[in-house]
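Working notes, beginning with the structure itself.
Naming follows writing order (A, B and C), and every chain is counted from residue 1.
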């Protein structure tokens, strides 16, 4: 596989106290522009993202970005290397206007490396337009609706020139229409950077396309296309069965 | 609502609006400074001196606004930097025949350097918020103790009196700030510079990142910002401003004393900023002027109970205008504007 | 937001309250003073003894013998002092005394027919505030003189502003004199409180004779206590006495244990205390518990502390330029009028009497200068004025512009009343190298 476009965990174990949350887990993203990470509540999905972004330090194993060992690097260094995320609970700067939120993200420091070809400089105005927030540039983020805040955070993450964009439940709490808008946004973004999405909503994941990774109790259950996953009876048993019709 | 149907505003409309608001700020600032420049012709001698002091105090209030309002870190140490500036000025001014610029530079560099070192250890050591405030409080207590104990240099309890006024050489000629009006214009000079710096920070991406850190430091660091460094820089800049304010104050008042470097002054500075509105640059100025004038007037009328009155005033303002006087006004204006819009719609 | 650093007075009665506040405030220092003073004896003055002094506090009469109402242009006189903060109690007493003098003078013809208009300002024991208020008195109120001040830092602050505006300042608190860089010699400074040679010098010979010559010193760690020890040591050279050890504790000390060990080993005759505020209370408490019997001499003791805390104050010897127990018609009258204004159980203290005297000395000098309030006219007249004060006849020394006062040595009795043991009349202030005349 192309090492220059990959984000991977190798034999990573994460423990909180006595609880093993990731259990000798090896994962690799980057082969497809959009990947989805699914699994039941508590499977360890957010922990995978936390490990990617340096918030959680594994007990053993390593974190590789484009083949380079980033284990033990600080969140700031990892962010600068291009791994940017959107949190499960929307996290924006509440007392800043939408425009300033986008501006802070757009001006965030990056390590400039050759080969990040799609690193087009987007203006905050263009992104706001894509997000559907152009008319709210002066509005405080605190005054946005939940959906708008989700989009704002996606837009911020995107403006931060990611190589890998990690989106933790971007459609959580959204109505069907908003959810469609979000899926559209993510598809557009994935033309510019590798995007990894955690979601529970299967309809949403189907709409995104791309490959799917199933996590269960901190272990990799299955990685493949949506069709392959849906065909797998073990996955059905542990997870999809529960809400296959979602 | 869904976003899909919102109308995109062309990007340059924003920048045009920014430009206009920038021009307005600049115009307003210019008017303010011009008014302050001619003010002494309308003031009696005492109010000129009082005005000079208020200008110097405003600078230290601006310095706290920068750190507390913009970066969200409340320092009880502001008087420590103010006092370091004052003592640097007074010690060099009374003992050595130095070029005025060097004295002024010392009043800036010594506090700023101290803040750089202190800030580095605190912010990179993850000391924030209440813990940061406590450490800065401890710092001002230590600074006060040093000043009181180091008698041979600082004059101990009594401090240094009869500090000479400032004389700044510009090329071939000298500007003498020692007369009563001279002292006022020294206050105005450093006030203008500090205001300019504060406006620059407000408009710059540095200021924006500080606000982002104030809102959510983790979020900012996941965007790749080196937040401890930003906070350290803000602390250092804030101390530099406070130090210059202290230096100017020593020159204006001809004095450096231990109560210019203690926790009580720190708390006063804090009340000025809180009363004006810590999130507003104008708040620091309004708060300082209101509190100093009030302090002065009330202490004349009620020499025995003025602290009580001033204290009550503080409590009332903070209760009814938690965002300060300027914050309260801004809210009122926004409400009036939205009522106007509603009326227009109806 | 008040506080005080500095030196200057300590005072009495309020020491409990003061003490609690003191603990909250690091670095507070009072200077000192307390003291006792030299007493001098001045005169056996009693009210009946009408001398030709200018400014006696007897009711002035117009030439035809009726009390005159002051009607001319008012003369503005500023009071500046510590009306809020740690020293508020002393400041208030000082102000009360000042106001009493103003009232008496205005009711009896003013100064050459002109009433005094008092302008009162609070320094809150804060130097910056003192600067601001002195400036206000000078430039806005345009007072012709300022009276008051407790802490040394406030004195220095006032002396930074007032001389520039050619406004004389009457400082009414006992202080460290020229020690430690304090300003003691300035043509615009007039001191009506005592300096070390007036407090300590009369006391030491008395102690040599009646108690002993071997001293152990305990004080707070700042200028005033150290300065007082220096003066003591110099005096003991002549007396053939010695200071066996001196220990200084930071302000706010709660355990004086280390000193008691020294005390036990020292075999001293006198324990010389220059602790102030709550530190002195704490010390006296522990001294009593420790069961020590060495005679305590405290420059910070006075009627107020004694009356508030008689159990621990009993037996302490002090020296002050005013004590409530002074027996004279003037003092009886002064106490009466003071209490009529301020309450039956109140005590004026030395710094208050100094303020009271200052107003009368100012009146005398201005009248001697044919009513001119220009300081270049009346300051030279000060040394020719004498005033029958509550503590005896006082005058101003021409060279130093400090008061020539009596010093009273007293001892606290079991009832908290300070009994006067000895007095020395007219002790002349000594400020090395100061020749203002």
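Before moving on, here are some points about what is shown:
Rule of thumb we're sticking to: contacts are C-beta pairs under 8 Å (C-beta built on N, C-alpha and C of every residue); 3 or more make two chains touch, one makes a residue touch a chain.
Just so we're clear, the structure is a prediction, and the values are computed from it rather than from any experiment.
Chain pair with the highest count of contacting C-beta pairs: B-C.
Relative to chain C, the chain whose mean Cα position lies farthest away is A.
Central chain (C-alpha centroid nearest the global protein C-alpha centroid): B. In this assembly, the C-alpha centroid of chain B lies 40 Å from the C-alpha centroid of chain C.
Chain A and chain C have Cα centroids lying 77 Å from one another.
Residue ranges of chain C in contact with chain B, taken from their complex: 1-7, 26-27, 29, 31, 83-84, 88, 92, 120-122, 124-128, 131-133, 135-136, 138-140, 151-153, 156-157, 159-161, 180-183, 222-223.
The residues of chain B lying in touch with chain A in their complex are 1-11, 14, 205, 208-209, 211-212, 214-216, 218-227.
The residues of chain A lying in touch with chain B in their complex are 53, 75-76, 79-80, 84-85, 91-96, 99-101, 103-105, 107-110, 123-126, 128-129, 131-137, 145, 147-148, 151, 156, 160, 177-178, 181. Chain contact summary for the complex, chain B toward chain C: residues 44-47, 49-50, 53, 141, 144-145, 148, 151, 155-159, 161-162, 249, 253-255, 257-260, 262, 264-265, 267-268, 296, 299-300, 303-307.
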